[in-house]
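Below: a set of structures, written as structure tokens.
There are two complexes below, and they share subunit A, which is joined by subunit B in the first and by subunit C in the second.
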Partner chain A sequence: MKIEEFIDLFVEELEIEDIEVTQDTELSSLAEWDSMAVLAVIAIASENFNVKITAMQLKDVKLLKDIINLIGAEQFE
Partner chain B sequence: MRSILNKIEFYLPTNILSNNQLAKEFPDWNSSNFEKKVGIINRHIVDTNETALDLAIGASQKLLTRFDKKEIDYVILCTQSPDYHLPTTACILQDKLGLRKDIGAFDFNLGCSGYIYGLSICKGLLSAGIAANILFVVSETYSKYIHKEDRSNRSIFGDGAAATIISNEDVNSIGNFVLGTDGSGFDKLIVKNGGLRSKCGIDNSEYSYGTNNITSNDHLYMDGPEIFNFTIETIPKLVADTLYKNNQSLDEIDFFVFHQANKYMLNFLRKRIGIAKEKFCINFENSGNTVSATIPIAIKNLQAQSKIKKGDKLMLVGFGVGLSYGALILDI
Partner chain C sequence: MGKTCISGVAIKGICSAVPKKVVKTDAVNSVFSEKELRKFIKTTGIKERRFVEDDVCASDLGFYAANKLIEDLDIDKNSINAIVFLSQTPDYKIPFTSNILQEKLGLSTEIFTYDINAGCAGYISGLAFCMSLAKMDNIDKVLLITAETMSKILSKKDRSTSLMFGDGAAATLIEKDKSAAPVFISLNSDGKGSSVIQIPDGGCRNPISTQSLDNQEYEDGSIRNNTQLMMNGGEVFDFTMRVVAKNIAETLDFSGFRKGEMSSYVLHQSNKFIINLIGNELGLDKERLVINIDRFGNTSSVSIPLAITSDLKGEIEQTDKNLLLSGYGAGLTYGSAIINCKKLEYLKLIEV
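Moving on to the complex of A and B:
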């Protein structure tokens, strides 16, 4: 998967509207970044990359690219 | 033969806590998003003086209007919010319901897997000839454990009880069980204080978690993301193992009734396992997550909506606090 495709998936799953999301988007700046969004990220990582992301790891994420790094840069084209 | 379907009743406390009421307390909360994703609109909450025993009496009395209570020769009650440390609530229930004295009674402590485990105990007692007609009650008042400022848990959990009579005649309709336990996750869903390892009031400072929720060691704590990970890792295999152990395929099951925890999580599991939407129960919008009571409440609701009928084959799947999980196939 390309990083752009991942970002599209993230935007779609979280139902983010009217905001351009990039790797450098601060998650806390998104109104949609809540406890359900955390579940959505776990679901995306599990379903598309077969990667488990733990609650502990998610406590430290600030930018969208931190999630990409948790999934593993090598997973992306 | 009477179907188990006709031997289930549930009871919810009168007070209703709606999303609108919660939204007034938590103005930053997006209640419509919650309703859409989690699938809960209302939950019932006990009064200060109302307990799991009271709910258990309510559910049992509804059932005993059409079943001779003299026939009941065992009472099993599943709760994690008992009236007392001791005695066991089931003993008090025996007296309050006016049941015979020459019967067995005990509580067991499990949460969201409790209905499955209870059925497994009933099957054992009936098969061994120890009991003939068991009153099996699940009753839970998690609201008493939840911090007032813990919006996440207050929005998810509701109080409620369900009573089921399981008789000799039902043994053959209760299929094979697959049960599982992973105690390494004991602290993912926990009320730390109040037992004897750490009493209430000691180290009970408030702390924040998740989306600005407040809790303390005296209150309920749930690590939602880790519970989600647990279900992703455990439940698809549990379903496959249960089918295998019962020599059934996914298509042969008429309806799947999972513990009703969270619509988003349930749909994720449904898709991963490959269950058709029409055969999958999401039915808790007006009662919330009532812990061990969600499965029997859902069965009753499905029956009332004519989505299931006598002769159907159900798969029941429970999972949660413990961590504990289990499933079985039930012919109704």
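Moving on to the complex of A and C:
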């Protein structure tokens, strides 16, 4: 998966509207970044990358690219 | 992990009782936006729950369930030798509730009465305890009543619990029966997680004070006081993912059964997303996973017997089918049990 495709999936799953999301987007700036979003990201990582990430790891992330790094940058094209 | 096998006892019947009052998740409120509610329902699966009226306690629901079970199975009340009430929402701090139920149900005064304080893994520990009682000499029938009125301990403005939990009760009759198939049980405790699901004040560690009732605002926007339930959802989720599938696989190994020999997997109804993840990890067919969380939410220790009565009635009674039950929650504790349904004569769900 390309990073752009991952961002599209993130936006779609979290139902983010009216905001341009990039790797540098601060998660805390998104109204949609809540406990349901954490579960959605865990599902994306598991279903698309077969990578297990924990809710506590996601508690510490600041930027969208931190999630990409948690999944593993090498997983992306 | 602690594992055991109990022979010579069987579950004869289960009656669950839920309040008539339905609380819809998508009802408009000031805490969650419509979009948040929609996503919550999509992920957790919780469309509605049952809440008691203010003057109804967990033991009242338990009373209705037990009374119906005793009536329908036409049980001589003097033949019930022990009653166990398992709940986190008892009537009083003192005295305990099972002795109140002994009187209310009209049971003999010559009876063992016990209360157990346990959460979402409680049905497994309650079964283990009641089955070991039923193994004792001169004890024939044991009544296990699990009951919760979670609605009474929630803050409506708490973002991790207010939409999650529901009320209900279940009465389970356990009886000595020499020809019963063995029951396999695993019980486990991880006490370092004791603060992850907690009501901080009101016990003797933090006695109730005027500050206990102060509403506090938390990082996620939740507002609650220290006499209300708090849950660190992330920690609980990670704990569940770490232990439950593994525990189920180990319990199957211990029993000698293969996973395909279980007709249904009745997991604690914590969250549809979590139940499906555990099912995926174990490689289970979706139709073997029992899910009733859409109708009742998370009813703590009641969820497993409630799911058996709501979704398996007419399918398993007096058959040779095996069920795998698994509970996990406050403590943090977790456990699984494998039961055979041959001696199970009666399943019922009532609204009260």
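We adopt the following convention: the second predicted complex is superposed on the first by the 77 of 77 C-alpha atoms of A that agree within 3 Å, B and C clash if a C-alpha of one lies under 4 Å from a C-alpha of the other, contacts with A are read in each partner's own complex, and residues count from 1 in each chain.
Heads up, the rule we're going with is that a contact is a pair of C-beta atoms (placed from the backbone, for glycine too) under 8 Å apart; a residue touches a chain by one contact, two chains touch by 3 or more.
Worth saying up front: this structure is predicted, and the values here are computed from it rather than measured.
Novice: Is this a clash or a fit when subunit B and subunit C both end up on subunit A?
Specialist: On the superposed model, which is not a single observed complex, subunit B and subunit C clash.
Novice: Name the contact category of A:V38: first (subunit B only), second (subunit C only), both, or neither.
Specialist: both
Novice: First (subunit B), second (subunit C), both or neither: which does A:L9 touch?
Specialist: Neither partner.
Novice: In the overlay, answer first, second, both or neither for which of subunit B and subunit C A:V51 touches.
Specialist: It touches nothing on subunit B or subunit C.
Novice: Can you pull the subunit A residues that subunit B and subunit C both touch?
Specialist: Subunit A residues touching both partners: 15, 34-36, 38-40, 42-43, 46, 52, 54-55, 58.
Novice: Which residues, counting only subunit C, touch subunit A once they are in their complex?
Specialist: So the residues of subunit C touching subunit A come out as 35-36, 39-40, 43, 159-160, 220, 233-235, 237-238, 241, 273, 277.
Novice: Note which residues of subunit B are touching subunit A in the complex, please.
Specialist: The touching residues are 30, 33-34, 37-38, 152, 210-211, 223-226, 228-229, 232-233, 262, 264-265, 268, 272.
Novice: Within the complex, which stretch of subunit A touches subunit C?
Specialist: Those in contact with subunit C are residues 15, 32, 34-36, 38-40, 42-43, 46, 52, 54-56, 58-59.
Novice: Along subunit A, where are the residues that touch subunit B in the complex?
Specialist: On the subunit A side, the touching residues are 15, 31, 34-36, 38-40, 42-43, 46-47, 52-55, 58.
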